[in-house]
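Chain nomenclature is as follows: A, B, C and D, assigned in order of appearance, with residue numbering initiated at 1 for each chain independently.
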Amino acid sequence: MFNPFRADGPGFLGEILDLLGERGRLLLGRRDEAPQARADDLAQLAEVLLSRRGQAAGGALAASLAAGYLGAAPAERHAFLGRLARDFGPDTDRSDAAIRAFHEGAPRALEALHAATEPRRQEVFRRLNLAPGGTGTLLQMRTDLLDILPSMPELAGVNADFLHLFTSWFNRGFLNLQQIDWDTPASILEKIIRYEAVHEIRNWDDLRNRLKPRDRRCYAFFHPQLPGEPLIFVEVALTTEIPAAIAPLLDLDRVPVEPEQATTAVFYSISNTQRGLAGVSFGNFLIKQVVELLRAEWPELRDFVTLSPVPGFARWLDAARKDSDSVLPEQLRQALDASDPAPEAAILSAAALYFLRARDARGRVVDPVARFHLGNGASLQRLNPGGDLSANGLGQSHGLMVNYRYTPADIERNHEAFAERGEVVASDAVRKALPARA
Amino acid sequence: MFNPFRADGPGFLGEILDLLGERGRLLLGRRDEAPQARADDLAQLAEVLLSRRGQAAGGALAASLAAGYLGAAPAERHAFLGRLARDFGPDTDRSDAAIRAFHEGAPRALEALHAATEPRRQEVFRRLNLAPGGTGTLLQMRTDLLDILPSMPELAGVNADFLHLFTSWFNRGFLNLQQIDWDTPASILEKIIRYEAVHEIRNWDDLRNRLKPRDRRCYAFFHPQLPGEPLIFVEVALTTEIPAAIAPLLDLDRVPVEPEQATTAVFYSISNTQRGLAGVSFGNFLIKQVVELLRAEWPELRDFVTLSPVPGFARWLDAARKDSDSVLPEQLRQALDASDPAPEAAILSAAALYFLRARDARGRVVDPVARFHLGNGASLQRLNPGGDLSANGLGQSHGLMVNYRYTPADIERNHEAFAERGEVVASDAVRKALPARA
Amino acid sequence: MFNPFRADGPGFLGEILDLLGERGRLLLGRRDEAPQARADDLAQLAEVLLSRRGQAAGGALAASLAAGYLGAAPAERHAFLGRLARDFGPDTDRSDAAIRAFHEGAPRALEALHAATEPRRQEVFRRLNLAPGGTGTLLQMRTDLLDILPSMPELAGVNADFLHLFTSWFNRGFLNLQQIDWDTPASILEKIIRYEAVHEIRNWDDLRNRLKPRDRRCYAFFHPQLPGEPLIFVEVALTTEIPAAIAPLLDLDRVPVEPEQATTAVFYSISNTQRGLAGVSFGNFLIKQVVELLRAEWPELRDFVTLSPVPGFARWLDAARKDSDSVLPEQLRQALDASDPAPEAAILSAAALYFLRARDARGRVVDPVARFHLGNGASLQRLNPGGDLSANGLGQSHGLMVNYRYTPADIERNHEAFAERGEVVASDAVRKALPARA
Amino acid sequence: MFNPFRADGPGFLGEILDLLGERGRLLLGRRDEAPQARADDLAQLAEVLLSRRGQAAGGALAASLAAGYLGAAPAERHAFLGRLARDFGPDTDRSDAAIRAFHEGAPRALEALHAATEPRRQEVFRRLNLAPGGTGTLLQMRTDLLDILPSMPELAGVNADFLHLFTSWFNRGFLNLQQIDWDTPASILEKIIRYEAVHEIRNWDDLRNRLKPRDRRCYAFFHPQLPGEPLIFVEVALTTEIPAAIAPLLDLDRVPVEPEQATTAVFYSISNTQRGLAGVSFGNFLIKQVVELLRAEWPELRDFVTLSPVPGFARWLDAARKDSDSVLPEQLRQALDASDPAPEAAILSAAALYFLRARDARGRVVDPVARFHLGNGASLQRLNPGGDLSANGLGQSHGLMVNYRYTPADIERNHEAFAERGEVVASDAVRKALPARA
């Protein structure tokens, strides 16, 4: 393709080259001659990129910094991120002056203070985006950062800046919803296989079975600057009833339902793909938009539900059984101990407690998937013991799966109840599964 | 098209409706029943949009605010902008706390201060973008704001926030370069006719003559969120020499040049289209990318020049002739007075002074077009008296047009000279046109 | 673009070049050196194209013949068409042998006879189609042929072969229906302006007024091999009643109807564009497909009618008034003579006679537009005196326009009545307009 | 999708329904009520389709015949094909009259005779093409026909008519060349896997390895009326030398070559996909166009060769060894018998004889792949014993593979030599492999 930023001839970046010294010059040169960049080189390039000279050089310099980063060894990448934290924070002189002005009662002083304290790395990021593929490079930096953040807590500010920028750039208004089907390019489908995080796609036959039959749908959000990269996708089955188990849905030999006869849309898998976008929330928008889209296409659809895993259940139950202060009543403990595997009725009661009574150390509903859907305004519709008998399903939740339900007219109220009062909106059936005294 | 955010049924936005009162409820209702929004309504909607409830309602609320704004009377729009300035600035409590923390030496206090002082309207803008067509609505708000900014200086902070946001969102990395030609949809071409700001496109025949012949090109930047809306476009002629006048270039009866035989690419018109994006600079990138693109397609091209108007020349000359302290030598004054119109040689000398010696009150090169191209790293190649004999051309510049030259290898050096030392890089021919003593 | 058939190096077409002699060689060479082709050259190239050598050379040779033809002077083109008639008819030896075999009772002799008597030019045409743009060249040949057919009746067989071939290639199954709107490329819209044959499109504003408002539609058939070339197009207005005059429909200042409130789709103009396809019928398919498409999009539409010119009316009436044997009753003659212009009632009666009683020398309904729509299965719905008060409308039909009506459930029956019994299906209103005794 | 020909209401096809009788009516009705069509039904529909009534009904009737055929049992399909042969041949009355006119010396009698003897089924086919998916249905008919042609030789005329029609409709001028790569829709790639006829594609990893690396290409012809259906495709490897064996080319672990460094394009597999198009030749055009396309993209490429199987070699050699009159010299026989497997040198000599000396009963080069490439104008470049050590390769050719070479400048001459004189153009190396006396 066309590279708009090709440095051309010795004079083009002359002044910058003088500024950079030998190593920097090489970094700007032909890729095959360039030395592997060190954190110092990258930081120097970032400084130049921020300068007025850098503004004119624009893409060429940004491309060099991007290429230098991507070609650098992990240790140098991490050191460069450290430099972003240490040397590219707010300009302290400008900040001090702005604080003084504030105390002196200057007009619009807070706004000036806000401008003065913008970490300098934010502009580095914006200018890096001028490089071809710049957005992807920035996502890679964030991914690297998240890998080491636990051991380098000083990177928290850099992380916050990434998140702030990505929240703005990956605003829902800039995303495109696209259907993924069997006519989608293989290069994208390959990523669907790789990124599916809930129910592994074993091979291309498995994939086709989730995309091609008329009663199956898959939708993804894409960003214009990352073509071919689904950011998040959801897999949907059209059915004639709310399903209680995953295996029949994925069965290669099942008989498809005619969509015109379906009453229920089942969201049975939703996967984020870009670790670098952690914290930027798409799932809420995706589910709601797909609900509207399916309703417009098949007005007969009445129920919009998930068939969801319960990843925290087994671990919680294990702890609760050992903890005499837990919400588990004694009678239920005994029932759970009565056989192995535990009786289904006991699992059901424990599950009701898990969702409706148990809370984690921060006072939150324990299950992360539950927090996501309830936070989106869904309600807890049904508990399905034996819903996932795979090793993974048995291991993480004693086989339990659940349906969350998205009812457009209730979404806002449910969200309010959950977000403001921590209240879990659940069906009568779920409530009845609570042990008598709970 | 599909509206993902349709409010559906009475319950969907129930809580919000209670919050809003009667008028707000109507604003959220069916458009044909809605009252015309007042500034108070809009400010109230903006507050709700910022609330946690607003986050869940997402697009529906954003769409209501967008529609309410677009449907409001000018006075209410302006009042709403005033409310954004007054009521949606930084949160003062958070800001005060952050300033205290800074003085107490809290870690990463400046970064926290930056976060705390973000004007609340920035989040309003980001959430408004969730509405279908949200980006366009925001551009319209900025356009409205610029109209009244001179008389409402208190909007300066709002303007700064718009500019900050648009600079990030309309980052060159997010723009697409597209060729505009005779196969382009009429709905876009119609905008090219309307937006052409330099040499009016009189009708569709004139337009075709600038797009269809093999020696003519036109390129524009588009943003994915504003399809069908060129942000800036440049018109190019391929020629066999550097042209000295505009009329022959636009002549409907001229014989086209075979591009393979052309040596020169002439940028004879460049127009920004979105007043709402004032201050976000695209022209620099556009010209440089088109230079690279043309070089790649026709490696024989040697010269990349503009044929540019000189909009400030006549006014400056008028003032200079009256001002005995001006850079005009006495001999030149007399020459200019000798005949009407003034002799071409005298115009030439005055023009050389205008570019090379004259400076405005802020010490800058007087001509705004010159500042743009020299700031981009072009040099001043040639002065063309009699280049534009239209009434407009005679009126603003005594018919003078000039060529600026983009030489890829010199761009960076020229930019440096101009940006840091205010030095105008000009050809020998231009320098020689200076009066003897100047 | 890519030319798959580039002759490359001296050897590629060596044998053929020897065969062709000096002039032929030049014809195969670089275009700028090639002499203008003469009919003899073209006939020679056609012979080679039919040979086994020609099969291998394929596209290169076909491209040379196509370019040679397009570059030839009119007289040479015509002479070449004459050669196609004389020298590229059926192979007489093969034909004689096949006729003998038929008389000898050979099995499947008629099929063999059919194969043996295929005019050799049919294969010339098929091979010419291998040239880039070959289909377009063949259309040009047919156009040329139609121009001179009246004076060169010996070309009738060539014409028949073109028609046979085009009927097969431009089979409805190979055509694409596309909507033409304001987002259509200008290069196509320009052709719509040029080809509109019924109500002249005066300029781009007039065109936009027929394409952009929500109550206006335009559809065209395209062939994959002629991209950017509409073959036929129809202009449609959505209205709330059956219109009686054309001027209000085309008024630039009219208020558009909301399509949701329209009850009637009016086909007010239908134009063929390719003279070379004369005799290949598309209009029937186009109207019926557009009817179905509009019904699917707006189920409220009830009436599908035309607003059609009556091009033969004035001439017929003129003759009928002079011919005492005509279907005009004496009383009507007097009424027509009573004033100038004639009274509307008299025009109405004469029009009813024109459609329902008058027949041409071949026993057909006189009006060609009537024959088209009635042959398609439409009925005659209403006579509109004063429907077209333009000079053209007054001149050809005393201002009369008519509505034909397409009722899906009646199309087949109407077609039968007209095609087999010559019966014009007309509304009661039209029948009542007949003079008392007619 | 949209069905333009929906019969609507009782009256639409009224007359036709009367004509058809009860069963025919049902065939035209809703699909789920329709009886399975019998040959008689289909023949009756075909007759109606040819009638004037049928012309007006157009697509609806064609769609019914197409659906009826596709839903019919195999025996009924075959019987219908028999009816096409018996009842839809040339019109004998018209034919007799035309023959009489010929003998009476009527002008243009042969052309009239050609028209009169056209088998009526040709028009059936053209009208069937009006049905949605009509082209595909016709291909299916031909496929069915080819299945039973050996046992129903009376269908030869029908087969000839199909071939005549398809040769015209699938004219190279109507085909699109498209690259198949890893961004191609999975629904098309799935067909590439299924249709690959030379070197089986084992799974999606194998497929990706043939499409995604920069040194691999695949191109296919498509017809506009059969979107998503490749008609023929060729797989290409870019290499730095002419390859002697297939396994290294297909190795999943090989290191790709940078295309800029490749000197050779290897066509290692070419597969037709549509049995219904048997006899319509695409391969010649495909290879030559891909050669030109690759040359334009990478001017450094010097050699365009195949790596081809030799499917007739083992069978021929077996027969030749048993036949004392064969071209095998005694000494070579002994060498071949000396060991098992036979020595490579002996295989090489036998292969040279196979290509250069052996001829089949019709005097042709024995190997069908050789006939294809030599007929296209390629030369025989190299014999590669041990080129394909798969069971299939060993079985059909003792592991032998060969390279044919396409040299643009020689193609025409090679074609001539082969087509007119039966001469196999081979490299010196191949000639030297002939046994001394051969």
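Everything below uses one rule, namely that a contact is a pair of C-beta atoms (placed from the backbone, for glycine too) under 8 Å apart; a residue touches a chain by one contact, two chains touch by 3 or more.
Being a predicted model, the structure only gives us computed values, none of them experimental.
Asker: If you walk from chain to touching chain, how few steps can bring you from chain B to chain D?
Answerer: Shortest path length, in steps: 2.
Asker: Could you work out which chain's C-alpha centre is the most distant one from the centre of chain A?
Answerer: C
Asker: Same or different: at the chain C/chain D interface, is the fraction of residue numbers used by both copies above or below half?
Answerer: Here the answer is same, because the shared fraction of interface numbers exceeds one half.
Asker: Roughly how far is chain B from chain C, centre to centre by C-alpha average, rounded to an integer in Å?
Answerer: Centres of chain B and chain C (C-alpha means) sit 49 Å apart.
Asker: Find the geometric centre of each of chain A and chain B from their Cα atoms only, then give the gap between the two centres in Å, rounded to an integer.
Answerer: The answer is 36 Å.
Asker: What parts of chain C, by residue number, touch at least two of the other chains?
Answerer: As it turns out, chain C has no residue touching two or more other chains.
Asker: Let me make sure I understand the interfaces: which chain pairs count as touching?
Answerer: Chain pairs that touch: A-B, A-D, B-C, C-D.
Asker: Touching residues of chain B toward chain C in the complex: what are they?
Answerer: Within the complex, chain B touches chain C at residues 182-187, 189-190, 203-204, 208, 212, 228.
Asker: Over in the complex, which chain D residues touch chain C? Could you list them?
Answerer: Its residues touching chain C are 2-6, 8-16, 52-53, 56-59, 89-90, 92, 95, 99, 102, 108, 110-111, 113-115, 117-119, 126, 129-131, 134-135, 156-157, 160, 164-165, 167-169, 171-174, 176-177, 224-225, 284-285, 288-289, 292-293, 296, 376-377, 408-413, 415-416, 419-420.
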